[in-house]
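Each of the next two complexes has chain A plus one other chain: chain B in the first, chain C in the second.
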Partner chain A sequence: MRLDRRTLCGLALTLLTAAAAAQGLGDLGLIVERNSGAVLVVDTDPPAVLARIEGLGDLSHATAVFSPDMRHAFVFARDGGLSKLDLLERRLVKRIVQAGNSIGGAISEDGRLLAVANYEPGGVNLFTTDTLEAVGEIPAVDGQGRRSKVVGLEDAPGNRFVYSLFEAGEIRLLDAATRPPRVVGRHPAGRQPYDGLVTPDGRYYLAGLFGEDGVDVLDLWNPEKGLRRVLPEYGRGERRLPVYKMPHLEGWAEAGGRLFLPGVGRHELFVVDRRDFSVVARVPLHGQPVFAVAQPDGRRVWVNFAPPHNDTVQVVDAESLETIATLKPGKGVLHMEFTPRGGRVWLSVRDENRVRIYDTQRLEAVGELPAREPSGIFFTARAHRIGL
Partner chain B sequence: MRLDRRTLCGLALTLLTAAAAAQGLGDLGLIVERNSGAVLVVDTDPPAVLARIEGLGDLSHATAVFSPDMRHAFVFARDGGLSKLDLLERRLVKRIVQAGNSIGGAISEDGRLLAVANYEPGGVNLFTTDTLEAVGEIPAVDGQGRRSKVVGLEDAPGNRFVYSLFEAGEIRLLDAATRPPRVVGRHPAGRQPYDGLVTPDGRYYLAGLFGEDGVDVLDLWNPEKGLRRVLPEYGRGERRLPVYKMPHLEGWAEAGGRLFLPGVGRHELFVVDRRDFSVVARVPLHGQPVFAVAQPDGRRVWVNFAPPHNDTVQVVDAESLETIATLKPGKGVLHMEFTPRGGRVWLSVRDENRVRIYDTQRLEAVGELPAREPSGIFFTARAHRIGL
Partner chain C sequence: MAAPDAARRAELEGLLRNDCGACHGGRLHGGLGPALTPAALAGRDPAALAATILAGRPGTPMPPWRGLLSEEDARWLAERLIMGERNDAP
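For the complex of A and B:
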């Protein structure tokens, strides 16, 4: 049997590709290079950049979710782009531009659907994870026919999505287990909900309000009971200090039966009882917090800050509520991501074009990777979490 | 260039193997066939048996853990066997017999070490995950020089392991971050601790006692404070009813700030406040519970039973504490495993040689797979959990 050199080279290349593709997925992740339209595919152990995938559009504020089998990642870009990546073959599978301007999305519990929250023209668009085929446009229109920006879109147990309408001041629940998906709950909320989160156990949806104080809570186990307004203290600080950046609610931490919330416009971390949402303490901080994230073991909460304090990360003990470390990872710390069992935390240091890796026991830097203006970091373990 | 038929066939086979090996890992799992010395490698979506791996020894009571990248599984057999499997190549990589009789093990936070709890000759053996090379034998000997069986061995944050000495009545903490690993805590416990668990947040180690009532608790954040005895009611029932099977503590569920414990020798589920370990309620059950497992969203607790009620599974609402379903999956329901975000639960039905799959919303069987006397079911999502 005769083979020419070209065929043989092709065979060898296929073999090599396939060999590269046969690898573990549980310790991989993505780093967003916000101004380059690119993401890095990384291995966390040992830390290494495996590939750089380009052409994903405007990635400021971009987020990513993962298929249940962890093979594919889906990146929601700010310009309405939605990209499907293959982490094994390390390539862009497909990219669509699904709206004019969007602010994140989520993947359904069964891994079949993506829901994207849109600013422009507003509403929620649904796509299959398989081919990114559009399977639904859910308008965000209030009783007077006005369109709203959709914000704080999260997945909820039972193949549902929950999200907020900014202008209309409404929280809606979408059932994606039915075909077509349909809105099964509409709850009048406070003025201008600007972001939301689902508690890690999947039970409560909390929406922060831009237009007034307090937080609206929807009990996803009992949505028919409607919203409850809690934390009347939350948000008041914004009138005292200029707010450099609204904190990210997805970063709200839960540890030991308490929620840790970045204060809006305050140099404070709010500590809230998970049972009745009462404020049990306030921890003074180095600056205006952006993200407050709990270690997976719940023992410590890591906080980063808005400018001009964004060179700093503080670590708060979840039990004593003392600040046990003030770290200086570098200028422009935008995001923090823990390895799934909590041994390491990766910090994106935008202005230094690198990601720094800290040992969470020793609170020391143990490694770094180069990245161009890195922002979000997303590890594949997110595939198995509720409410991201 | 000339290639003979055999070389070409070899090439083609390598290509096929590599292609099969390139697949997602986040939705895979193992089913233990307890009397066949075999495990099935399964895909959960759609449900399918991918491979059957034989020659693993006595798999009654066998458990499995996964490497952080999810590529490898480690199976702890009852006969002291320790096997390393490759889930991509679907084969046994290596098997050693590390002791005469063992009762499970755990993998360190960093994924580097396995710790195996031994009955005979007692003690904890440590192995590298890489090659299964022995790197330590930690004796379990009390002040009088007597050996103890080691039970309830769990991983804890910070590359530690925690375990109990049955005869000595002691709980020990092993630091596996140092080389060599060393015992850093020895705590006198109640009589005959028989199993243990670490709460899902990694904070507390709880040991059930065979020789007296109550549960010993070690606060892993503050181990220097020693043990605390809680739940004096727990275990008393065993004098009233014959105990058909001691419940499995690893199955203790946590949901909404409460722990759900299978009553020993009672037809009851204990509901315990997570903060002070007081009993807040008891839920009457169909029989003597073995496992009580919370859905990942914490909304319901699923319970299976000792003979003669082991054809039944009951589902208890974690909020109302009402039993909302009594299911009859078949004879010999031994184990329950949820898909990571909770949409499905897989039940091994030993006496019917099948695994049945239920939709957790509709509480209906939606599929099944054949398996020879299946017992434990372990999904790869366990790679990222603390205290398994």
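For the complex of A and C:
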């Protein structure tokens, strides 16, 4: 056989594809470059940037979810963009703009549907994961016909989605197992729910309230029983403390039978008994917390902060409730993501254009990767967790 | 009233994109808070917007930035929002 140049190129390509195809996906991830409309495809072991994928729109506050086989990532952009990426081939498969302004999304339990939470126009849009074809548009309209922003959209067991209506103060449950998907529960909630989470076991949906104190809980095993208001001491309090960055509930830490919640406007971490939602303790912190996330082993809780304290990360021991470290990774620490077994945590340090990697035992920086104004970091292990 | 100097203006640009952007969108096209683009703010009074920035809007998530921002900072931000980018000539 004569090997001309074309055949050789073809051969090289085949080999490259084969090499790519031999890559495992379980230790990959994405880093969002919030102001460049790009994401980095990264390997966590050893840490490396594998590819940069551009053209994804306004990625401030962008989030990502993964297909159950971890091969595909779906990125929800602020400008309503929804992108499907192939992590194996490291390329953009498809991008659509599905609304004017959106805030995040979730993937169904079976991996077949994506739900996107939209601000403008307020509602939930549903798409198939294989082709991003629209399969449902569910407006968030209240009894008076007013449209609300949708926040705190999460996946729930049984191919359901659950979300909150900011203006209307409502929590809704959507059954995505039926065609078309339909709303199967509407629960009047407190004023201005601003974010929600599903507990890692998939049992409860918790909505934080901005307009009053307390947390609304929906038992996803028994949704017909309605909401329960818990944690009356959780919120901005009488003085209506200003909040410079909305705390995130997703990733609310759960460890040793306790939940760890970032205080709203307060320099405190709330420690809550998981069974009866009573407050066990309040741990004083360095600033207004944004994320409080537990290491996968539940041993420690890592907290980052709103400006002007966003150069700091504190580590709280889940057992003694002592703050065991106050780290200064650099200005603009926006997000923290643990490797699946928890040995490392990756911190995006926006203003220093890098992601720093810490050893969670030694509490020391052990590496870094360059990234332009990095924000969210998402590892593929999320594919197999409920409510992420 | 002393306008913020170049270094401070760069900081304020960062604040706008990042911290205000958390609620108003990275490109200020809106989010939990309304759009703050020149089109959205056409004809608005910079003094009134500066006052909103400093005092916030009670009952909404818009926080008061007094304490983190000076009167001059707020005024510069308000004008910068109304006029759009590159309003940074001294």
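Going forward, the second predicted complex is superposed on the first by the 375 of 388 C-alpha atoms of A that agree within 3 Å, B and C clash if a C-alpha of one lies under 4 Å from a C-alpha of the other, contacts with A are read in each partner's own complex, and residues count from 1 in each chain.
Going forward, a residue touches a chain if its C-beta (ideal position, glycine included) is under 8 Å from a C-beta of that chain, and two chains touch if they have at least 3 such contacts.
Bear in mind that the values here come from a model prediction, so they are computed numbers and not experimental data.
Asker: Using the superposition on chain A described above, determine whether A:194 touches chain B (first), chain C (second), both, or neither.
Answerer: second
Asker: With both complexes overlaid on chain A, does A:103 touch chain B (first), chain C (second), both or neither?
Answerer: After superposing on A, A:103 lies in contact with chain C but is clear of chain B.
Asker: Return first, second, both or neither, reflecting whether A:256 touches chain B, chain C, both chains, or no partner chain.
Answerer: In the superposition, A:256 contacts chain B only.
Asker: Mind telling me which of the two, chain B or chain C, contacts the most residues of chain A?
Answerer: Of chain B and chain C, the partner in contact with more residues of chain A is B.
Asker: Where does A:335 make contact in the superposed view: on chain B (first), on chain C (second), on both, or on neither?
Answerer: Neither chain B nor chain C is touched by A:335.
Asker: Which holds for A:319: it touches chain B only (first), chain C only (second), both, or neither?
Answerer: After superposing on A, A:319 lies in contact with chain B but is clear of chain C.
Asker: Residue by residue on chain A, keep only those touching chain B in one complex and chain C in the other, then list them.
Answerer: None.
Asker: Give every residue of chain A touching chain C within the complex, in rising order.
Answerer: Its residues touching chain C are 34-35, 58-61, 78-79, 101, 103, 119-120, 149, 151, 166, 192, 194, 210-211, 240, 242-246, 307-308, 332, 350-351.
Asker: For the complex, give me every residue of chain B touching chain A.
Answerer: Spelled out, the residues of chain B in touch with chain A are 1-5, 8, 11, 14-15, 18-19, 21-28, 44-45, 66-72, 88-89, 109-111, 157-159, 177, 201-203, 221, 255-257, 274-275, 296-299, 319, 339-343, 361, 380-381, 383-386.
Asker: Under the stated contact criterion, what part of chain C meets chain A in this complex?
Answerer: Its residues touching chain A are 14-15, 17-19, 21-23, 25-27, 29-32, 56, 58-59, 61, 63-64, 68.
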